[in-house]
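Take a look at these structures.
The two complexes that follow have subunit A in common; it is paired with subunit B in the first and with subunit C in the second.
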Partner chain A sequence: MLDWLDAFLITGLFEVVMIAGLGLLLHLQLGLARIANFGVVGFWGVGMYTFGVLYVKVDWPFGDPWQFLACAAAATLVAGLAGALVGWLISDLDIDGVLVVTLGFATAVQIVATTEADWTGGAFGLGGLGFPYDIGTVKENEFVWLMITGLLVAAILFYVWRVHRSPYGRLLIATGGNEPLARSLGKPTFRTKLWLFVVTSAAMGLLGAMEAVMVRYLDVGHIGISITLAAIVGLVLGGTARVWGAVVGTVLTVGLFDIVIRTYLPLPREWYSQALPVMREVLFGLALILVLLFRPLGLLGDMRRDQLMRKLHGR
Partner chain B sequence: MVADVVAPAPAARPQIRIEGAVKSFGGHVVVDVDELVLGDRPIEGLIGPNGAGKTTLMRMIMHSIPLDRGSVTLRPVDGPEVALSKLPADQMARHGVVKSNQVITDFDKLTILDSLLLASTEHRYEQPYRVFSEELVFERYGSEIARYLDYFGFTDARALALSAGEKKLLDIIRCLLVKPSFLMLDEPTAGLPGELTEKVMATIREIAAAGTAVVIVEHDLNVIWSLCDEVHFMAEGKVVLHGDPQSIREHRTVVEKYLGEGHV
Partner chain C sequence: MDFLARALLIGLTDHAPLVLAAIGFALLYRLTGLINVAYAETITLGAYFGMWANTSFGLNFYTVLIPAAVMAGLVSVATYLFVFRPARRRYVGVLELIIISFGLSIFLRHGLQFVFGYPERFFNVPPPETIFVAGGGVTSFRLVALLSVAALSLALYWIIQRTRLGLQIRALASDEDLARVSGIRPLAVTVLIWFIAGVAGGLAGAFYGVGASVSPLLGWRQFLAIFLVVLVGGAWGIGGVIAVGVATGIALAAMALQFDQALYGQLVLIVAFIAILKWRGRRLTEQAKV
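Let's look at the complex of A and B:
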């Protein structure tokens, strides 16, 4: 079964799905509410490690899939709490302050994951994770996990799509566009931003738990800035303000690099561990610069509320 | 004499009392109002030369800038007094206190319709989990919004507001949709063509008649004289005179400081 499917391809597709999911959540923060979260990987990492530590270190009275569900729920919750904390810290800050706090948060998460080695395995990493089911070969299990994660990200995409078509989305755009004006109309913008951060961070944490299952071995190198960078580049390239921006952008960046270049180009073996990650970072950085220079609103362009309103409310 | 005997009519409108309110920017005192009560009469005007501190005073009432000293208190028609100067800015509207802006302010990216729906929508429809409530919201508020749009001659509400005039009107309509009980308008007709000025004035009269206390800052004194039941004159951060339009109009100080000799 699945002979046609290359193991690299599954990994590559999973990466695309994962980054697109993070990009979609970042879109709610950055594209609508204009909160520049540079600590995406921090919330993802909190979810990932909360899941991993609970799954491996706690003696659960029940097995999978319940063990998975309990740990994933906890990961979501803890990431949501982290979102509340960071959201509260940044609620009154300008863009520089937000950058420092979110970036600092992501760094702190990585440091804690490294130093709390009793729990996280530190630099050695944390093993003992697995799929909450077993249907055959590793490849088959991975394929099913890819499908499940794909469904989750599709659900996130649907939610984002609905947000654009709801009073909530309008409030987020208003808060991002002119917060004092929104406040003067009675909108509790601090609370709105805080809850936005709680919800999106929780979802990032859940995605982190999904990642933990897929990689089955957590090491701190996994929760570096490159995840944040990939999500930002994907989103900005596709279009920060558009529903499909993160999806389009991620396919064109992560998809192109992690699937086409890594899987199908005949590259020397020794490149994979050292040269490729660096190349990826360089190319992503370059893509970001080019798009900001020549198409700052991304490939899909700016938000089109006029078209949307015509579609929703006639005329 | 007669006035003393006849019991004053119960205040059917909310009042705002400003006490000892001081605001300075960079050591320069911009507002220093000892005592001022707004809302005694249905429509009150606040006039004074450029830089007198009118906008600053209104923004202090809205708590969009903090006071250095003093207090602002709302006395609603029913219910206990509210210390506005202790509330965050987003709670003013909940107490019915709303202000339009002198400088053009808008939400970029939101269409005219969006902007008005935003103003109308109660916050409970704007929760993260209520992503299917748009239709409900439109059904609820759409017709009222359409009435304003028709009245003020907007042709395409599904587009972004482009001209300064459109944005100015939009700002006022947003305020009206919040259903204010105490409405402050900072130069509402500045830059509007004559027939729209008339429409704005008619609207102000209408909502004042319906029980909203209105305070207008305006340099177009024809608007003030024709709308206001009472006028406050402000100069150099202080409210120096109160009175009916006729008396203010003829007062020496006002003529000297503001209207210029030969006005009357």
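Let's look at the complex of A and C:
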């Protein structure tokens, strides 16, 4: 079974699905509420390590899939609590403060994952993770996990789509556009931002748990700034204001690079260890600069409602 | 030697470049209103330029400080002219400007590896002499770093607060239109600010690089501490940045001596500074929370 499917393609597609999921959640924070979360990898990492430590270090009275479900639920909860803490911290701060707090949070998560080696394995890593099922070969297990994660990200996409069409979404846009005005109109902006952070961070944590199962071995190198970068680049390229922005952008960045270029282009073998990863980051950085300079709203452009307003008012 | 004296000595000498880098970052932040994440790479490039001048031309460490500082200054000006100025002219928002600087930071951090190579690099300098001060040993490089940082910090403070040029810089920062009608040339003054900031960052990078190794992450590893020092200290002007920077260096050294893992010091620093920002934020903004 699955002979037609390349193992690299599965991991490449998983990466696209994962980053698209993070990009969609970041879209709610950055695109709608205008909160620049530069610590995406921190919430993702909290979920990943909470799941990993609980799964490996705790002696559960039951086996998989219940063990997986219990650990993933705990990872989601802990990431949601981290989101509540960070959301409360940034609620009074301006853009500079938000940047430093979110960056600081991601750094703190990385420090704790490094120093608490008894639990996390530190720089050596944490092994012993696996799929909560076994249907045959590793490739088949990975393929099923890709499908499950794909369904989860599709659910996130549906949630984002629903938020755009709900009063809650309009409240987020109003808070992001002019918070004092929204507050003076009696809107609960503090509660809105806090709840947004709790929900999106919890989902980021769940995605981290899904990643932990797929990679099966955690080390601190996993939770570096490149995850945050990939999510931001995908979102900005696709369009921060649009539901599909993160998905389109991630396919064009991570998908194009990690699947088409890495897997299918006939590149010299020695490029794979150092030149290609470096080139990836160079191109991602350049894409961010060029898109924001020449097409700040990304490929998909403005929100539908803004396009409609322009048409109606002739502006 | 007792604990406090050791912490003071190590903090002042080891973390002196932090103060210099923070002054450069604060100049950009306070005078142009921009949070330039790519400032981390100005620091990194200063270390790389210094190492390149040192290993290619055999110049000694004190001589390479000049090309390192000037080249980092020029890179800083180039980023302004080719990235941030066009962005401002296109009315790119504050949030987008930060993301642009983040992209530029990633671009420079990885792009420099195509120029200088992937492996870690080292300065080719003879082992520094150890000088005994207040009962403790300190290498000559670190002592030079401390003295240079002290001299440069005072010079920058004096330029900004006491000279005509400093007056122009501050006028431009507070109201650009008013500064323009007063006969100040905004482009020339802004370019100068970026150059001075680049020089400060480049020198800090060279001091960091000679003390350990030169790698693409050199500046990024210091960035959060620099940013925190500037956000917390910046409320009291350049003097505040210097004071908080020195205090941070001493606190980091003290915690490195106290804890078995140096990373705990960074963790405490992050938590403490974020708590200060939160506390201040609650006092400064309007209180009507619904």
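To be clear about the criterion, the second predicted complex is superposed on the first by the 304 of 315 C-alpha atoms of A that agree within 3 Å, B and C clash if a C-alpha of one lies under 4 Å from a C-alpha of the other, contacts with A are read in each partner's own complex, and residues count from 1 in each chain.
In the analysis below, contacts are C-beta pairs under 8 Å (C-beta built on N, C-alpha and C of every residue); 3 or more make two chains touch, one makes a residue touch a chain.
Remember, it's a predicted structure, so these values are computed and weren't measured experimentally.
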Which superposed partner A:Ala174 touches (first subunit B, second subunit C, both, neither): first
Partner chain in contact with A:Leu93 - subunit B first, subunit C second, else both or neither: second
Which superposed partner A:Arg183 touches (first subunit B, second subunit C, both, neither): both
Touching partner for A:Val260 - first (subunit B), second (subunit C), both, neither: neither
Touching partner for A:Leu151 - first (subunit B), second (subunit C), both, neither: neither
First (subunit B), second (subunit C), both or neither touched by A:Leu196: first
Partner chain in contact with A:Arg162 - subunit B first, subunit C second, else both or neither: first
Subunit B versus subunit C as contact partner of A:Val138, first or second or both or neither: neither
Touched partner set for A:Val112, first subunit B, second subunit C, both or neither: second
Intersection of the subunit A residues that touch subunit B with those that touch subunit C: 180, 183, 186-190
Residue ranges of subunit C touching subunit A (in the complex, touch as defined): 29, 35, 83, 86-87, 90, 92-96, 98-100, 102-111, 113-114, 118, 220, 224, 227-228, 231, 261, 263-264, 266-267, 270-271, 273-274, 277-278, 281-282, 284-286, 288-290
Contact set on subunit B toward subunit A in their complex: 62, 64, 88-94, 98-99, 101, 105-111, 113-115, 117-119, 121, 123, 125-128, 130-134, 137-138, 142, 156-160, 174, 178
Of all residues in subunit A, those that touch subunit C in their complex: 30, 34, 36, 38, 89, 92-93, 95-97, 99-101, 103-104, 107-108, 111-112, 114-115, 180, 183, 186-191, 225, 229, 232-233, 236, 274, 278-279, 281-282, 284-289, 292-293, 296
Subunit B-touching residues of subunit A, taken from the complex the two chains share: 159, 162-163, 165-171, 173-174, 177-178, 180-190, 192, 195-196, 199, 241, 302-303, 305-306, 309-310, 312-313, 315
